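A short write-up of the structure that comes next.
Which chain is which? They are A, B, C, D and E, in the order written, and residues in each are numbered from 1.
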Amino acid sequence: MTLVILALVIWVAAWALNAWLSNGPLSNSRIAGIAVPLIFGATVLIVWELVVRGMNVAAVILPPPSVIAGTFAQNLPTLWADAVQTIGKGAVSGYIIGCGSAFIVAIIVDRYDFLRRGLLPVGNFMAALPIVGIAPILVMWFGFDWQSKSAVVVVMVFFPMLVNTVAGLRDTSAMQRDLMHTYAAGYFQTLIKLRLPAAMPFVFNGLKIATTLALIGAIVAEFFGSPVLGMGFRISTSVGQLALDMVWAEIVVAALAGSAFYGLIALIERGVTFWHPSQRK
Amino acid sequence: ADDVTLQLKWVTQAQFAGYYVALDQGFYEEADLNVTILPGGPDIAPGQVLAGGGADVMVDWLPSALAAREKGLPIVNIAQPFKTSGLMLTCWKDSGITGPEDFAGHTLGVWFFGNEYPFLSWMSQEGISTDGGEDGVTVLKQGFNVDPLLQRQADCISTMTYNEFGQVLEAGVTEDELVTFKYEDVGVATLEDGLYVLEDQLEDPAFVDKMVRFVAASMQGWKWAEENPEEAAMIVLDYDETGAQTEEHQIYMMGEVAKLTAGSNGALDEADYQRTVDTLLAGGSDPVITMVPEGAWTHAITDEALN
Amino acid sequence: MSVIEAKGLNLTFQTNDGPVHALKDVNLTIEKGDFVSFIGPSGCGKTTFLRCVAGLEHPTGGTLSVNGMTPDEARKARAYGYVFQAAGLYPWRTIGRNIALPLEIMGYSKSEQAERVKRVLDLVELTGFEKKFPWQLSGGMQQRASIARALAFDADILLMDEPFGALDEIVRDRLNEEVLKLWNNTGKTIGFVTHSIPEAVYLSTKIVVMSPRPGRITDVIESTLPRERPLDIRDSAEFIAIAHRVRDGLRAGHMDE
Amino acid sequence: MSVIEAKGLNLTFQTNDGPVHALKDVNLTIEKGDFVSFIGPSGCGKTTFLRCVAGLEHPTGGTLSVNGMTPDEARKARAYGYVFQAAGLYPWRTIGRNIALPLEIMGYSKSEQAERVKRVLDLVELTGFEKKFPWQLSGGMQQRASIARALAFDADILLMDEPFGALDEIVRDRLNEEVLKLWNNTGKTIGFVTHSIPEAVYLSTKIVVMSPRPGRITDVIESTLPRERPLDIRDSAEFIAIAHRVRDGLRAGHMDE
Amino acid sequence: MNKLGPVITVILAIVAFWYVAAVPMNVQETLTAAERAGVAVTPDNARARSEAGRWSLVFQNLDALGGSWSVDRARLPSPHQVLTEIYNSTWDEEVNGRRGIVNSGSFSNRSLVYHSGVTLGATVLGFLIGAGFGILLAVGIVYSRTMDRSVMPWAIVSQTIPIVALAPMIIVVLYSIGIGGMMPKAVISAYLSFFPVVVGMVKGLRSPDHMQLDLLRTYNASKSQGFWKLRLPASMPYLFTSLKIGIAASLVGAIVGELPVQRGGLGARMLSGSYYGQTEQIWAALFVAAILAALMVAIIGWIEARTLKRMGMAV
């Protein structure tokens, strides 16, 4: 019980510290911008640890963060091999194929208005097909290895990417298009010099959404059949073995990799769409 | 009436007919019990539910129960309605497999989620590596169905006599196209579907009393089911909320399950238990359990319930 | 031969609320070297007329010729440069590359591009800003860059649709002077839309006053001001007289509403 | 007692690119019933000064009093109405409810609200448009609604930041006349920011010419025009003389750059 | 009509492609069935066929492919098989089935109508929780710098966690504190739907420009007046856009929650379809789920159109 009260005290104290950091004299400094979320994250972990220990929560229900950290450190090779299988092979290949083909299809769809009006509503409908239903089908079609995971990721990222890219390609002002018209520019010239650059903020929006989807898709697909390797395999097997610490270690890997993947795309976005008001400040 | 919650290992099907019959026929009610049956499903670990207090008693396989016990979850077998193992490996005959010695180089489908222990024990007893390669086997984590076999993504898959094997046959495959290895026959049988509770709960006489009545009524249900397989199957069907089970398949399943429960009066047979433990310990470099488990079962309940 | 000649021009937009008669019976002749301003209340069809000339909009009646061709042919022959109300620079291109844009599209060689960009940057006094991005420049500088872009390829006709609408009066004065200088130096034919009476009077050889619903020309005023125009010509009696006439024309148009 | 009194006012913004000296040593006294225009090139601090008066910005030096209080106290006492450059009507409220917004916030009773809305709608000649949404009105009508909103509660001071910047010249003329009428009828003290020299001269009793970098007052011109001003006063010699002085002041400010 | 034309064309093209694709996709099963029925096929054993290419099998056995569009346990059931399954498990089951509504007075647990209802309940409950929580969080983030800075980054990280992996554990943990029934599924739905709502709502609450905010300051308006009179109405278009994403996510959440809890619902249907190799059942449940999603999005769209129109914000 004392541990739980301690957790409460720490929570309040950390919140007060964060409130001071955000609103006090340091509020505009870079340090505060980084420290505040970190302090918040650390507080969550400490409170988690104290509550789990204080209330004697069974390790097979929720292990404390310290145990998870230990498991993480001891199983680095396994975690790494799983990540290579799931992220390196399944997610990344699916991400590239899915986003790449959506990009190309978007350009074609955008060119022919008939396709746009026909394909987008159907696409929206297909995008609503729940992935957990599609995954077993794709595992049946593409086998147990990473290819089926890749296929699931392709299906998951395709429509968000398509919709965003199509929206982006249309996101030019009438004036920008008229300008091209006054130069009597052809379709490809307009595409390359106007529409593609103008579409980039949308394209990156799609790419960012797709990062988290790719990761989740690859992991989920492994629940429906896999080799004896991979993050989804490990999570599902470890739950069965009541090795919850290992489950959480994999979740940590997923969160780290997901955030890193997202961050990487955001970084590239910053370079490519440096001109967009949202990137300028 | 006392409340009892039972967590099943898998979805509602004739594998658990005894409990549904006891519920349906009022055996639990007669024992002054108010029983709730929670069906299981993929990725629901019954042990976790038990540990979290979501259930009082669960159905599990002994290997995974022992492994969980070694992991620090103090669960105890209080009854063992299944005498015989229904687990088997089913292979295409045309894959050229005639015995375990031919497994090398083939792809085998295995259930994980705590169901892999019997397979791993068997393989390590045979000295076959499960890491793929020339003289090992490639293991797939098979999903919930027999497609990997039918579509030849694997040469062998795990099946239960009462369920997946039937499905293979229902899909039009004849028995002479197949080679089957029953764990029971190759000497690595482990105890399946037993009833487990948390150890510390057994110190509570009221709980013990509840379990005594529960086990007694459940065994009454099992015996009724063995005697009336078709009606039992229909009862199971009535309790299946997904509406997915078919009459035909459940009747088949009940028939096969009855063969597995046949030899048991509900009390754990120590010899069977010992054989399971030996099998699990025998796993060479990578045994499923590392120490001889202690206190993993008790006759306290069944002694009381069955006299 | 006149550079631009409109005879009985009509344009009706079909909209959800029914047809909008944007131009009605517009007759206008613009000679080579003319500086023609279009002035009139919002919605009177100034932009629409300029867009018809540019081949961006297609009249529903009457004839319109540009350099003796149809507007579409003229557009394809790249007969004019068009300056929009807002600068409309592409934000992902530097000022230099924005100005080079029409040149790239028209297939000029790299060296020719560089040379022309340099020349027009000089003309609009933006030398040194070539490598900057549009948002790093003030509104007036952006507007000058957009004029430079229209000047980069040698079209005889320059169409400007409220190019200085968004700028403050002082900057506007300065750009007015520069446009006049440019017109004097190059002898281009200029069509210029504005809302400002002084601006119209100050710049033009011919002021076209328009009126809305339906959009039509209500007055065409030939300026009597000399070609050489210092800024303080705006305080001269002649200037004020012309401004008066324009204002009266405009007010008459507004009365109808 | 003066209504607004600024003594040695300074305001420096801290930005990423270093400090911006938006107002430097501003001294200004505005008496009750004055109509004061602020004119100057973009970025000279006109808006900033008005916002200081309104208590929306806090000077970093000097003193500023409004009705003898600090600007913040005056804001809390609801001493002024503020009209922004764009109409800034809330699009989800009808014209009537937009005008009622300050009244709701200040806790007027329903019946009082209705009565006042009716009165100011009448004042700006928008009776009958109460139930319309902003986008159903023309720009000029929207701007009048926004003035009505500022008039709905009885503040002695009216601060207007380029209220007619987005309108065309004819509409602007009409609104100018109306503002003058309003000022004559109510005797309010008005602070008015504009970019247009004729507008400033036409409206004001006092014209404040400002200059940027750092923002400061370079000239304060007391108008000699009578309070009663027909539109064609703008062609009078006196008007042109004042306009000249303003233009010179402005050009001097621009020269520094 | 010219709105439907392209859509129908695309659908027809997809259906045509689907039928064509079904031939090579199902060729193994088709030939095995044909072989069992006594038709000669080449190669004549399943093992050799499993090693041959699909297209080569198609061309070697052109006359034995009649069953391609009616195989049991098809890898790709043909469109009419799926439609028949949908019809059988909705109308037919309810009207003619022993447990159907006509004969029993309540929806049959073998019908997708019943299972849609189960899923819908959890979806709506979860959506209400998720959207409500998302809106509250957004208000907190907009009004508190501390929350903005500490919570927002973690809200993004939370979306990189594979919820499907957590779903069974969430369910078990909720069981353990005595929460069962629809609630665990709703919690997963809420987890998936809160994020789009937070993101959209934060954007929406921050959408008023400086001028609109300053206007209120000149009236010396209080914070709550600023919320009710400015921020909230200004956020409406953003709110509805994110609610549409949220409800679709919520449906996915409910289905995910139904996988491990085999107690009815479309998710349970999909799994049992997979469990027994009944691919038509999976496809039928999939399509019904997508139709449900489309319907719910349409309902929110309808409410949006009405609300925005009443607020004068519809264009």
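Following the convention adopted for this analysis, contacts are C-beta pairs under 8 Å (C-beta built on N, C-alpha and C of every residue); 3 or more make two chains touch, one makes a residue touch a chain.
Here the structure is a predicted model, which means the values were calculated and not measured.
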Common touching chains of chain E and chain A: B
Chain closest to the assembly centre - both centres taken as Cα means: A
Comparison of B-E and A-B (more C-beta pairs in contact): B-E
Where chain A and chain B are represented by their mean Cα positions, the distance between them in whole Å: 38
Centre-to-centre distance between chain E and chain B (centres being mean Cα positions), rounded to whole Å: 33
Euclidean distance of C-alpha centroids - chain B vs chain C, Å: 85
Euclidean distance of C-alpha centroids - chain A vs chain D, Å: 50
Of all residues in chain A, the ones touching two or more other chains: 61, 136, 140, 223-224, 236, 239, 244
Interface hub residues of chain E, defined as touching at least two other chains: 75, 168-169, 172-173, 176, 259, 274
Overlap residues in chain D, where contacts from two or more other chains coincide: none
Chains that touch, pairwise: A-B, A-C, A-E, B-E, C-D, D-E
Complex contacts: residues of chain C adjacent to chain D: 41-42, 138-139, 168-171, 195-197, 235, 240, 244, 250-251, 254
Chain E-touching residues of chain A, taken from the complex the two chains share: 15, 18-19, 21-23, 27, 32-33, 36-37, 39-41, 44, 61-62, 114-119, 121-122, 124-126, 128-134, 136-137, 140-141, 212, 215-216, 219-220, 223-224, 231-232, 235-236, 239, 244, 247, 250-251, 254-255, 257-259, 262
Complex interface listing, chain B residues touching chain A: 42-43, 45, 47-48, 51-52, 64, 67-68, 71-73, 112-116, 130, 138-143, 147-148, 151, 153
For the chain E and chain D complex, residues of the former touching the latter: 211-212, 214-221, 225, 229-230, 233-234, 236, 311-313, 315
Residues of chain A defined as touching chain C within the complex: 173, 175-176, 178-185, 189, 193-194, 197-198, 200, 273, 275-277, 280
